[in-house]
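My structure is below; once you've seen it, I'll send some questions.
Going in written order, the chains are labelled A, B and C, and every chain counts its residues from 1.
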Amino acid sequence: MKPLSLHPDRLFSAEADQRAIARRLYQTVENQPIVSPHGHTDPAWFARDEAFSDPASLLVTPDHYLFRMLFSQGVSLESLGLPRLDGGPSELNPRKIWQVFADHYHLFLGTPSRIWLDHTFHSVFGIDRVLGSASAMEIYDTIDNQLARPEFAPRALFERFNIEFLATTEAALDPLAEHDLIQASGWSGRVATTYRPDAVVDPENEDFSEGVLMLGELTGEDTSTWAGYLAAHRLRRQYFKARGAVATDHGHPSARTENFSVTKCQQLLEGALQGKLSREQSDQFRGQVLTEMAQMSLDDGLVMQIHAGVVRNHHQSIMTQFGRDRGADLPAPVNFVTGLRPMLDRLGHEAGLTVILFTLDESSYSRDLGPLAGHYPCLRLGPPWWFFDSVEGMLRHKRSVLETAGFYNTCGFNDDTRAFLSIPARHDVARRIDCRHLAELIAEHRLSEDDGVELARLLAVDLARDAYGLASSST
Amino acid sequence: MKPLSLHPDRLFSAEADQRAIARRLYQTVENQPIVSPHGHTDPAWFARDEAFSDPASLLVTPDHYLFRMLFSQGVSLESLGLPRLDGGPSELNPRKIWQVFADHYHLFLGTPSRIWLDHTFHSVFGIDRVLGSASAMEIYDTIDNQLARPEFAPRALFERFNIEFLATTEAALDPLAEHDLIQASGWSGRVATTYRPDAVVDPENEDFSEGVLMLGELTGEDTSTWAGYLAAHRLRRQYFKARGAVATDHGHPSARTENFSVTKCQQLLEGALQGKLSREQSDQFRGQVLTEMAQMSLDDGLVMQIHAGVVRNHHQSIMTQFGRDRGADLPAPVNFVTGLRPMLDRLGHEAGLTVILFTLDESSYSRDLGPLAGHYPCLRLGPPWWFFDSVEGMLRHKRSVLETAGFYNTCGFNDDTRAFLSIPARHDVARRIDCRHLAELIAEHRLSEDDGVELARLLAVDLARDAYGLASSST
Amino acid sequence: MKPLSLHPDRLFSAEADQRAIARRLYQTVENQPIVSPHGHTDPAWFARDEAFSDPASLLVTPDHYLFRMLFSQGVSLESLGLPRLDGGPSELNPRKIWQVFADHYHLFLGTPSRIWLDHTFHSVFGIDRVLGSASAMEIYDTIDNQLARPEFAPRALFERFNIEFLATTEAALDPLAEHDLIQASGWSGRVATTYRPDAVVDPENEDFSEGVLMLGELTGEDTSTWAGYLAAHRLRRQYFKARGAVATDHGHPSARTENFSVTKCQQLLEGALQGKLSREQSDQFRGQVLTEMAQMSLDDGLVMQIHAGVVRNHHQSIMTQFGRDRGADLPAPVNFVTGLRPMLDRLGHEAGLTVILFTLDESSYSRDLGPLAGHYPCLRLGPPWWFFDSVEGMLRHKRSVLETAGFYNTCGFNDDTRAFLSIPARHDVARRIDCRHLAELIAEHRLSEDDGVELARLLAVDLARDAYGLASSST
């Protein structure tokens, strides 16, 4: 049996001076509340507060980090319980799914998934041995038994995790019924939605025309006109804001923005609704809407998040068999300097606007992001995204952007996860890496320890509160 | 006199904890046999087993790492013995070549060449002082005298180096006579060829049409038809496989693949044979053949190696005076996500196919390679290639890809060298850096030492055996 | 009060072995003279030797590193004293400017500006507390009082800083009157100009046609013909060389070079003078001139510096309100391998030519710069530029290029600054990082300490002297 424990110095530098400093810094932020302004948990959990059903459907089947790695080593998605679009057979027995996962747990050595899972197993469920073929069923039972208990229901865990603010993400047409339920419930937990209009912004989405029509019906605007289309977005943003939203989120294939005339915009919208846009014109349309969204953010105060540069559903046979979002999204090169220029020409100087940038192209860290955020008042840098929400990924990000952008043009950590139980683990990793990095600066006399203590606190909670306009829970 | 020795802790972190762990890990892999599944040594050495002629023609003149650096600092290629195409004068005296090399040995400080050479000098030839102007002739004599002895003949060194498997690389039209000689000799050393068809795949190669014609003659296929062209490749692959080949190798200017109709393929082939393709069409042809080679690899089990993104023979005057491969090859940006998509759409899900990817564009490590290998069953990541087969290069590669792809989607080390005597040095560097990296993870409590020991063994030999389908020598 | 001091081990690794080695190396170079072959100080300072007026106009208002960061956090450029083009109000009181700067000094935590400023405050002005809102006026007075004293006049500081050579940069049409004054003054300080012809090389510059006309008038050449245009450049280069210039400098949006026929060049020049070139043609023109400048450098011995890949004046409203060079310049992707090829085909083999390359696209370090400099005799690599003249930036540069290019294809440090008082700080940072990096190699047994001592000296002064053809001050 391999024992499982969490070493108190994990993720700190092994060098003694730095480790000692990192420990001291970490003690000051370890127990700070969790501010989670961007993520993808299911609001139904908090609306209904029902027990999670079983370990596999909670921890394995929905986690694309896990099933992409397993798939890469020859494990079928069916055996992990992912439903086929054609209704073909897919594993339903959560114990069998769990065993497959456990049999391949060694694949995650050295990956962030392993860190998050081990942390979750140990600190949420008290498990003290490493998952593997032999331990699989015992660990399954340990988790399963606990999930049935009231202190493992979603709201109870939310409180145990000391979450001060949790943002979910919903599409523009979502009625937000779950968020209404949460608000009506009188529960004190702060769970807010986020406006994610991609499906009604992307003419290449197969449901675009229908979506824009529904957008008009929902808002009473004529979304076949450019003015009506924009007005409808404004109304939906208000609707989201009334359900707690503090931000919007935009997942675009590039960082392109545009600043066209109204006539051109009307032409693009008409073409988009008729499905007649070329690839280039669709890109123009998305780019124009991004600029409009920035304008609306300036007007209504919602923070704008841009997640740019993803090739979605790269693997055709996975798309055909299992549909969207099945682990086959891949990064694309991004040029923010060129892409954002039209939007920045119009709005870049506005200190009242906050636009947060995310990339999967690390070559843009020092070439685009540091220099842009170090000049434009409206820009802040998001934390490392997706594949780079990892020990090495975070260190590369810090080392590449902070010398140019400084700490104050960043916005703290996002966990960006649908894996609710991993949230404490992810914030813990972020805080440890923050402290490790600050300890390095301090040990090399690039920063005083007093300044380090202040920055650790900023990075753990205050920058996120500030960037997303959140009042502290203690105020 | 500057003494030359090899410190037992070389290349390990200077930090005491990590160094101690690295030492322990290294002891477990230090004496493992060498598995070398990709390289460019001359099979004639092992076929004929004749003594190497002299230090300069063995160690200096054929090594493009050395003559490119010397050339960059004003040393002429003629003075290093490289033959001119026009038959003009070039140094013939190996002692003079050696002296020029020794006079400039300081240029290699901090480079991997220096590490490989010092290791070779010390551990193969027992030299205990640093090469330089003053020591040049003494060291020349020391090496020269030993080369004449039977224990320094190619097969003896092969055995002394504890090489379990050594792949050479030959062109598609090569008769493989040397490999036949090796097989017929009864020698136990395992030297295998690799199928490298670039010259009959690249319409921009000046010998393409003639080569395709010869390909037809060798195989009895009509290579002027697309079906015949493919069938001829299949037959040559079988021919290579019968001479031990376990893999193919493809050096392409980009990672482009295609998936055209047979009609289009036939048109491209005809244009190629008539020398009428545009640059874009030549690229299409190469891309299509890459997909076909992947299909053939699925069918015949040969592992496919893609070395993408090189601008060959960049320096026109060197090409004119000295011909190909004279140190003027340079990296090109590569986008594997876009480039490989057509091939992956067709074959990406095949766990029975192994495609190993190499790049000279480090920005593709985390943007393309980690995420691709972390999803597609057919993909594995090759070790850092060429300029990046170095201490810092290896560390960047590990830190950039392993958190996303994991260890099991990699394939161990390739020495990729024509410098036979440097093979032990190169594998030693790789093993030291593996252990150093694992020690860092262990010291930071990101990995248990038990897992580290297993991974060190995997990285040293087992991943290479597994990826290239090699049985262990001890089984 | 936060005390300000400079730790003797600052910027060295915290690991004890490496730190001890770094200390030993640093002691050997700490007091070497400063060789500054590329920068932007004002020659009028040294020509007239008048006292600097006040702390704000000396240290804050002209420093784009400072005002871009302050602007990014909502501080107006007017409040920092930057003049508006429309003559609108801008702060004139240096004390008020200083207070705004001090109030935001925390923004620079972790940035190189903070290191340079603290070093300047402490070592030039003897300040022993950290700048901040409370200490602002006291520190202002401390500096202001000293600036009035003769030992703080430009020449006195130049001597105190132990500057052996200082290059300024002037436009092609500059009469260089200040440099004539310096030469005529009999002062022993060596201040030389540098030929920067961008304004008469870039057809997209609004003053191009007028500038080329003036270039003709200044030289007596007919600059409406290609031959005359080139001849005029040659004459101006001679004029600059007579005022001490050892180099030229070229700030281009890309690394593109061309090698067109004279007929094509004449057509491009005519189009450029008539303002009729397309964007692509303007780029061709700039690329052709870059090749011509390399040819002239071969002929007249001036070292050629190429600073490639900047999007100048990215922020339209800043350009409109404040003009050029107001902190809104941003990096662009650069491909040197493709871009420089036409020039290198013509001149790359010339060991008598020195072309020094700079980039803001770090992905080109290992992909382009290391391999290019490791082959072509004419190429050397400049130090990390602009945003990357920082601790992490320097380390990334070293780790990415040195294993391929070696130390001898680099050219030491450039401070590249208009902030005269920061020159000792910048060279100190460079020397410390050099020693830190060498100490890492030594501690890991990749380099002997003897070799490290030699390399530290090379990096501190000798490579710069050699690359720029400067005789040592002691010879």
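Rule of thumb we're sticking to: a residue touches a chain if its C-beta (ideal position, glycine included) is under 8 Å from a C-beta of that chain, and two chains touch if they have at least 3 such contacts.
Just so we're clear, the structure is a prediction, and the values are computed from it rather than from any experiment.
Where chain B touches chain C, the two copies mostly use different residue numbers: shared numbers make up under half of all numbers in play. In this entry, chain A maps onto chain C through a rotation of 120 degrees when their C-alpha atoms are superposed, rounded to the nearest 5.
Chain centres here are Cα averages; for chain B and chain C they lie 40 Å apart. For chain B, the set of residues touching two or more other chains reads 15, 363. Across the complex, chain C meets chain A through its residues 2, 7, 9-15, 68-69, 71-74, 106-112, 115, 311, 314-318, 327-328, 330-333, 360-363, 387-388, 390-393, 396. Those residues of chain C that touch chain B in the shared complex are 15, 17-18, 335, 337-338, 341, 344-345, 348-349, 351, 363, 366-368, 370-377, 379, 399-400, 402-409, 440-441, 443-448, 450-451, 455.
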